[in-house]
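One chain, chain A, links the two complexes that follow: it is found with chain B in the first and with chain C in the second.
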Partner chain A sequence: MGSPCHFALFELQPSFRLDLEQLAVRYRELARQVHPDRFADASERDQRLALEQSASLNEAYRVLKNAPQRARYLLALSGPELPLEVTVQDPGFLMQQMHWREELEDLQGSANVSGVATFKRRLKVAQDELNESFAVCWDDPLRREEAERLMRRMQFLDKLSHEVRQLEERLDD
Partner chain B sequence: MALLQIAEPGQSPQPHQRRLAVGIDLGTTNSLVAAVRSGLSEPLADTAGALILPSAVRYHADRVEVGEAAKLAAPGDPLNTVLSVKRLMGRGLADVKQLGEQLPYRFVDGESHMPFIETVQGPKSPVEVSADILKELRHRAEAVLGGELVGAVITVPAYFDDAQRQATKDAARLAGLSVLRLLNEPTAAAVAYGLDQQAEGLVAIYDLGGGTFDISILRLTAGVFEVLATGGDSALGGDDFDHAIAGWIVEQAGLSADLDPGAQRTLLSEACAAKEALTTDTSVEVSHGAWSGLLTREAFAELIEPMVARSLKACRRAVRDAGIEIEEVEAVVLVGGSTRVPRVRQAVAELFAREPLSDIDPDQVVAIGAAIQADTLAGNKRGDGEELLLLDVIPLSLGLETMGGLMEKVIPRNTTIPVARAQEFTTYKDGQTAMMIHVLQGERELISDCRSLARFELRGIPPMVAGSAKIRVTFQVDADGLLSVAARELASGVEASVQVKPSYGLTDGEIARMLQDSFQHASDDKVARVLREQQVDAQRLLEAVEAALEVDGERLLEADERLAIEAQIQQLRELMASNDGLAIEQQTKRLTQVTDAFAARRLDATVKSALAGRSLNEIEE
Partner chain C sequence: MAYSEKVIDHYENPRNVGKMDAEDPSVGTGMVGAPACGDVMRLQIKVNESGVIEDAKFKTYGCGSAIASSSLATEWMKGKTLDEAETIKNTQLAEELALPPVKIHCSVLAEDAIKAAVRDYKQKKGLL
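Let's look at the complex of A and B:
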């Protein structure tokens, strides 16, 4: 069964550059129309349909508002299915990854809270740069391979920021 | 009403009179019922003028007593008087034993794993005890509002897991209440505040009740209440403060910790009184038997410090989960009676670096918000302005057991509901024909640290080489936060699904028996009402299907499909005149099933025509 793509649900053209504020506004408008609360009085079937439509809307919003997931989704829309885990052929980036991780381990070892804050800011800058590179690359259909590589980097940084959160939690104990 | 009311959801075809719906705060210590009257949401009082109903139930041989009188009788009749039953909801006997030393009941095993309390009326499950509280509130509401309720919004702690939510819904069912929605308590409080103060922006709701603690971070935008993250502890509350003071008394007075149930109750009431006195006074004289001593506010603050710290840690985690910085929080709202404790207020103010709000009575705010939501859900439009919409999240991750006793997360915590997500698994042995699906909830890696929600088996997988079967497990969480799980082998189409019945819930047999009991004791003829409801449902469906056939039958249906639908319509028409509720219900279901594909096509057609003329991408998924 054909189902509208995440972008179409929001009446948007597939694109990496996205106004997140506007996306949020549109999400709230759409949620108003399909949320099961609007169908509390309706038949069982309409309630079920509302549940399904709301779930698809929430899923679409979750993917689109997150840069790495949006990038991955765009690549999947326009090409062969992407395996979740691949060996990354990206030696320069691998080196940088190792540095990031070592730093994070040191921060954990020294329980350095302000160090973690600085680390987070640097990570954010790196993520913004990467997003910009992907956006430029995505506009050029000939640079798909490079786009895939950048998407992998984005995923890695996303995972790293998740680890930072876990570290913060441990330091909070 | 029924079939595919796509254009204007929630709007009834005819204006109808105001439908009575209430919000119920089913609390650990106290419960309340509220309703919107003349545009204003307010708690409803009993005949004596009391708003708060203590969540206390005393069982006599021939009757049930609920509220203040039961609470006062607790020290004298501890075995037949149940207090703080909410702490037992959705829990197993083993969980209860952890709280056990402090609970003066005799527990017995039931048909399920629930902890039944032995009383003069026989064993009572926590669900039944809660239902007795809900019944009392329902009667109060019907007396005050002067009519039968169409339904209720019942609040639950945001941090309640699936088992605890399901138990709450079961209790409402036993009490004869139709649940319009289970609503998270902090979200309800946010509604009360948000609408009252026309607030916008990021808000934190700190909700410390008698037995549970919740923290929620919300974004308020033009009537939309979007929960960004929630956290808490479903076993942390004012009761624990009482226990801390009781422990202090035992230590100071040199008592043996091994008290009989009556003495335990007395001690806890004394502790509670001391705690309440310390809200206004800086010290209080405590006496127990021959002993007496002075408890200062500082000493009390020290006793509860570990618990306060636990709550603050949960706040910091929720802020991180929301992806914001703590400075961005623009308002902090205090909810729950335990936020009257000065040390709690001070700690919250320090953490968020701002004075918390408590303009709406912290004991009432949840019920007030729930009533507003109930009124909206019952179809009573709020006058001008935007209609409110609540977007909530699941508090704890949901997942499955995988090899090695590990939990694989399928839906992470703080995901917006409703949500549906699928994950694929495979067989690990050659020729494997069955697979056990074990559904879990929690944040830990090891399944032994997570809550087991349900187990079911997918059978009939065609024998294949290990790793080549594809089993897709789909999790769906509805707007009440309740989970259902389905599993399907993709090559053969073999299916299995469960409405998750928590391992610690009531069995269907138990629910059937309790419902039967309540039917027998009810004065109004419920069976007739159920039959009438089924006839109404059937009539609605018939009208809707016929209208849909008229409009789209020609365009969207093959001739044989149309004949099949018409045959089912004919059968339902014939059954309508009978008094066989069950047959009507089944035939209604059959007609619904046979028109399912038609409904989906109509929906597609509507969406397409709505989007016609714009350039859109359609993909195959």
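Let's look at the complex of A and C:
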């Protein structure tokens, strides 16, 4: 049995631009409908089906709500699946990443809360720009290479924003 | 996850952390990254006129295994010729550090950094 596309589960067309709030609302609705608790008295077959649907729904939501994961999924819909882990050689971008890491390290060392907030805003701007660039090129077969590079950059920034959040939590304590 | 003693040793006492002048014609720079982990690795070599790597430096932002892999890579590269350095395999790094299977990609990243640094040097010298 081939599983339906993540977008189809939400009755959406494959697209990078997505209203995440709407997606969350729709997810909660659908999750209620297939929640295994509702099938406690159903046949074994229906119970199993509900469980499978619930699992695919969770998986689809997990992928779609995250920009780099959604980007990677979209590229896999229109071409070969791209491995999660690869070595990237994108010197200018990596150099900038290294500078940002150094900055974050300094902010951590000095426990600079307002500095972290500024850093976070800058990171968000960079992520928005990256998302915008990806949105306009991902479905153009001639720009696939560029779309792949942008998706990899999104992965780096996503990881960096996780680290910023962790640092914020540590500084909050 | 438990790290091996060798990983911890390299993580706590990384060898050859630092930076060389990337514009220096005798320096080769390898800059690589692993997007899903967000690891970024810079590995640099200084090569003398007989093609021997005199010095190696690295800077890695990443997990303990990535730091240990690049630290060990710089240790192994020193004193080797470019051709010898290029034969260093990720499996050797992983074995020496006793990396668990989920961390093998960290050693792959280090191997790719070695190759990138050697290639950068060769390009500078018109050897490619």
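Of note:
Please note the rule applied: the second predicted complex is superposed on the first by the 166 of 173 C-alpha atoms of A that agree within 3 Å, B and C clash if a C-alpha of one lies under 4 Å from a C-alpha of the other, contacts with A are read in each partner's own complex, and residues count from 1 in each chain.
Here, a residue touches a chain if its C-beta (ideal position, glycine included) is under 8 Å from a C-beta of that chain, and two chains touch if they have at least 3 such contacts.
Quick caveat: nothing in here was measured; it's all calculated off a predicted structure.
When the two structures are aligned on the shared chain, A:111 is found in touch with neither chain B nor chain C. Of the two partner chains placed around the shared chain by superposition, neither chain B nor chain C is touched by A:20. Judged by the touch definition given at the top, the superposed model places A:172 against chain B, while chain C stays out of reach. By the document's definition of touching, of the two partners only chain C reaches A:98; chain B does not.
By the touch criterion defined above, A:38 lies against chain B but remains apart from chain C after alignment on the C-alpha atoms of chain A. Of the two partner chains placed by superposition, only chain B is touched by A:11; chain C is not. For chain A, the partner that touches more of its residues is B, with chain B and chain C as the two candidates. Of all residues in chain A, only 1-5, 7-8, 11, 13-14, 28, 31-46, 49-52, 54-56, 58-59, 61-62, 77, 165, 168-169, 172-173 touch chain B in the complex they form.
For chain A in complex with chain C, the residues that touch the partner chain are 68, 84-91, 94-95, 97-98, 101, 152-153, 155-156, 158-160, 162-163.
The touching residues of chain B, counted against chain A in their complex, run 1-5, 9-10, 12, 180-181, 221-222, 224, 226, 313, 316-317, 320, 376-379, 387, 389-391, 415-421, 476, 478-479, 537, 540-541, 544, 592, 596, 599, 603, 607, 611, 614-621.
Per the touch definition, chain C reaches chain A in the complex via residues 31-38, 40, 42, 59, 61, 105, 108-109, 112, 116.
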